[in-house]
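In the two complexes below, subunit A is the common chain; its partner is subunit B in one and subunit C in the other.
Let's turn to the complex of A and B:
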């Protein structure tokens, strides 16, 4: 029970009461990581460091002086956060083997509060993707592919096929973190969210995924995708845990000038009993092309749930939503082009053997170091930034971004407290199907429901809601007002309580363990 | 010799133009440049005069303990790569944090140059690949710089005569904050490039001057005045030899009434003297080129101080598109004044323009005026006093300690002290004669205890720095003037006694 339960009520209590020790907890997670290696959720497992941290934590508990509610709690961190002494790769050849000399602020905060850092989780290269399929270490497998729930409902074409070809993607780009939380190998994980990269895999993996307000959590040490939209994301098994994580991470960081100056007060979430004072907005534009009927039905059911509980449920309009993806494309690629300029092979990371000239070394280094997706985005970003194009693309996109942000401002000003939307268009698709489309098309489709919140900098959360007909998780998204995380999470917690999302039944894990592990090894190192 | 000849061409040509169809504004400049010229043999084209146009872009390294966006120290000549933070080396995930001191230095400089200070300025990224630019972009202020629309008054003397000084003004287009780059050392024999990032990220103020100058001497005088201002403010040490002040000159020539010519940018100028030379050479070169039917390329040229000429620089792969983009990691830089300052704001968190304005030290022009007023010295003497570091203080100390009139003291300072120091390449600080000793000596002179000839003799002894006081030297060398009436009579009597014949002749008439 301790392993599957939440931070506030189960594990932390168990640690405090000595029913489980940090080293036991750490050991169990490490064993689970081993037995779920085939998920490819982790790029690096920091086994030794984690054990040491657990031992330190244990000493503190013995003295009766745990540092915080997170003391001794095993966590995982997406591999685009810098971790001193542990490889930080961004799932790219460019940074393979790169060991950062410093901790990201969020990582430092976790360590300072006693959390045990198990390792670094898999992602799309430099977080560019929506499947966690485009990293140099291979795709992440959705733990639900191996759940009893999925197995019972999806009918394999033949016996030999089975889960091996039917396994579904985690979504992305924080798929490793979502899979890690979903498969019980850690209690909470850090992701990053630029266009939905935390909420999307959270929805597909049946976990809570919180994208806080831009500026609430420090980005220092997060290797950027789009600086003006990136936020560290939080993945947990329940909304209460997300609130705990938020409380331990949020606040001003002198190393990140874009964090808010105000002090952040950590909060406990109340148990909402009365939702009658709430106004829930249903943005009609989120009834997007490609939205599965299943999710549509779930969405209206959720709306009814609020209505029946006495909340005001109002259809609202965010008219510029449809421009968000193309606008995002311009702004994202422009910042990517700029941010990636530093990877020239001189100071750190991969350096090509090409020695003809400095320029040819740059070119070869970047060709060898980046995958097609990254190079494609650099190319288009540089195009948009050219003097002759800047007005027509970048400036225009910035204006559209402002319009999108204003849409939200207007809706919230009209009295809406929270927006309720789907997180994804459908449940997770099998890997074989996913890779039929290219990364760009996929990202454009998959970010459509999550991405506008990044444009506007608003807090948003995925709450696992139900299982699809195929036995896969489906989540809904709540979007709140800027810096109103407490209200957002309170509503999300109420909703979570109503829907009673089922626990994943991972009995397949052990059976698949050996055969798939072998397969995975050959796949990721070939 | 070639260079001199060229100089003649434009001076002469210009002289003719002064009376010609030049516009009023140009005409004003014409007078200035005109005054420098002498009679020079006619050039080839002869008929149409040339108007040289000179604009300057000056990078002044901000004098601060730490860099513009990181906590690394700023220090000249530290061991390579010893002052490099994670941010300076562009490690992934690092973010810029603006150094308040650099902002204050830029505001001070802006105010001293009569600029309007933008209460909201922005940072941008300027992209180019270069080994000493680790991030692949420089953070600068392209769209909205911190200060705009200022002016700088400077003076220069006409015909090299200190007595004929004119004051001119150059408009300041803007001052922007930006990062310095690292340094690349190219080892061609081993085909290696060595990179030192100590300088990478040091704060710079780029001062952009409008093309209001027309010759090397004007450019040099303007830069010298700017240098004095920066040093007075302490916003930059502005030592050109240490690269704290780097000047690029944009030079073009055109015929009066016609649009500006194609300009070249002259870089690699590392002293004020070379600035004047480089600009004049470039003007001459362009006129020569055009008069020979050639064209001027819009190119970057380097000044070769040994050859005294400018040469085309290795072009950085043709025209660069810097792909400017707003710096997303820095919020707009907001400055306050007394009116806009929010009451609840932490004083440490804000930069208050009015507060800085009230605390600006006297600028060189004010100091000079005060010297002229206080001491009754000539304006040109006040320039000399300020031009040498520490000389004003020296002068004022001497004045304080002596009864001699400042007007007389200044002669001793400028002729004797400065002459000696220059001759021996010494700074004022290194002078073997302190202000106290000089004052002592001048007091002897003032009290008529020695003659002015004797005083010069004493000074010669004092330069030796043997620790003797002027009085000791006077005694040793028996240089004192005789004050006693009887003694004087005796001396006279003795002289007359010795020269009896002459005395008789004189008496007889």
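Let's turn to the complex of A and C:
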């Protein structure tokens, strides 16, 4: 039971009361990582370091002096965060073998509070993608592909290779982190979110995915994709845990000048009982083309849930929503063109054997190190930044960005507290189907519901809501006002309590043996 | 409107990344077509937005060194180094011209 428990109530309490020790917990997670290796959620497992951290934590608990509620809690970190002494690859050949000389601020904060870092999770190369399928270490498999819930609903092509050919994607780009949390191999994971990369896989893997307000959590040590939109993302199994993680990570960092200097106070989430003072906005443009009828129905049901509980539920308009993907496409590729320029083989990462000249060495290094997706974005970005295109594309996109951000300002100014929208257009698709379309097309389709929050820098969260007809998770998204995470999470927690999302029933596939590892009922506390 | 070979060549020089094949070039074409949708939006009188934090003052700190002295750490990740230097091949040699370069664009 402790293994599936949330930070807040079960596991933390169990540690404090000595019902389970940090080393036991660590060992259980490490074993589970091994037996779920087919998910390909982890790129690096830092076994020795994790065990040492667990031992140190145990000593602290014996003295009755845990560092924090996170002390001894196994966590995983997306492989685009720098972790001292541990390889950081961004799932790219460009950084294979790169051992970070420092910890990203968020990683340091977790370690300072006693969390046990199990390893680095898989992603799309350099976080570019919405499937976690385009990394150099291969795709991540959604744990729900192996759930009883999915298997019951699917028609396998043949008796023996049902899951093999039918497995579904995690979504992305933080798919490894989402899969790790979803399959119980860790209690919380860090992802990153630039266009929806934390919320999208959270929705597909049935976990909570929080995108904080831009400027709240330090990006120092997070290998940048789009400096003006990137944020570290938090993935957990329940909203309360996300609040705890947020409390441990938020706050000004002198090493990241884009973090705000406001005094951040960690908070406990109240148990909301009265929603009558809430104003929930339903943006009509989020009824986007391609939205599955299933999700539309779920969204509607959720709106009714709030209405019946006494909240004001109002249809609103964010007229520039349909342009957010195009806008993102230009701004993202432009910033990527700049951010990827640092990879030249000279100071770190892959270096080509080409010796003729500096430029030809750089070109060869980048030719060998980057995949098609990355190269494509760099070239597009450079195109939009050419003198003759700068005004028409880059500046134009920046203007459209303001229009998108203003849409939200207007809506929140009109008295709306929180927006309720779907997170994804459908449940997770099978890998074989996903790869039929190219990365850019997929990203353009999948990011449509999540991207605008990054454009405007607003906090947003995916809350797992229900299972689809195919037995796969579907989540809904709440978008809040800037720096109003407490309100956002309070509402999310209330909603989570109402919907009672089912626990995944994972069947562990052993080689010749199908053993059902039935996990205990409650995932957290409800 | 197709992107000319001159521009493609120019991009390869600027980005130091190659198109690799026809698919790469097609990818750029499609990206441009996609981006052209931006021109449908009326942005008359709208200021470009650099950052969502534009209304705040950027954090500045005192010009005091608070960390550093990590030369050894930093050099660990470099492949070619001599003493405390990163070693690069000869500079100031421009990338070979299109005709002399091993690039897909040569055939175009």
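Here are a few things to note about the model shown:
FYI, the second predicted complex is superposed on the first by the 505 of 526 C-alpha atoms of A that agree within 3 Å, B and C clash if a C-alpha of one lies under 4 Å from a C-alpha of the other, contacts with A are read in each partner's own complex, and residues count from 1 in each chain.
Just so it is clear, contacts are C-beta pairs under 8 Å (C-beta built on N, C-alpha and C of every residue); 3 or more make two chains touch, one makes a residue touch a chain.
As the structure is a computational prediction, the values presented were derived from the model and not from experiment.
Of the two partner chains placed by the overlay, subunit B and subunit C both lie in contact with A:362. Looking at the shared chain after the overlay, A:254 reaches both subunit B and subunit C. When both complexes are overlaid on chain A, the residue A:300 reaches neither subunit B nor subunit C.
Contacts of A:484 after superposition: neither subunit B nor subunit C is touched.
Applying the stated contact rule after C-alpha superposition, one finds that A:400 touches subunit C and leaves subunit B untouched. Of the two partner chains placed by the overlay, only subunit B lies in contact with A:221; subunit C stays clear of it.
In the superposition on chain A, A:346 makes contact with both subunit B and subunit C. Contact with both subunit B and subunit C is seen for A:382 once the two complexes are overlaid on the shared chain.
In the superposed model, C is the one of subunit B and subunit C that contacts more residues of subunit A. In the superposition on chain A, A:335 makes contact with subunit B only, while subunit C stays out of contact range. Under the contact criterion defined above, the residues of subunit A that touch both subunit B in one complex and subunit C in the other are 101, 228, 254, 257-258, 261, 337, 344, 346-348, 358-359, 362, 382, 386.
By the touch rule above, subunit C contacts subunit A in their complex via residues 3, 7, 10-12, 14-20, 23-24, 27-28, 30-32, 34-35, 37-41, 43, 46-53, 56, 58-61, 70, 73-74, 76-80, 86, 88-91, 93-96. Those residues of subunit B that touch subunit A in the complex are listed here as 86, 89-98, 125, 127, 129, 131, 134-137, 193, 195, 317, 321, 323-325, 328-331, 349. Across the interface of their complex, subunit B is touched by residues 81-82, 88, 90, 95, 100-102, 104, 219-224, 226-228, 254-258, 261, 334-335, 337-338, 340-344, 346-348, 358-359, 362, 382, 385-387, 390, 394 of subunit A. The touching residues of subunit A, when paired with subunit C in their complex, are 98-99, 101, 214-215, 228, 252, 254, 257-261, 320, 323, 326-327, 329-330, 333, 337, 344-349, 351, 354-363, 366-367, 370, 372, 375-376, 378-380, 382-384, 386, 392-393, 395-403, 405, 438, 440, 444, 456-457, 482.
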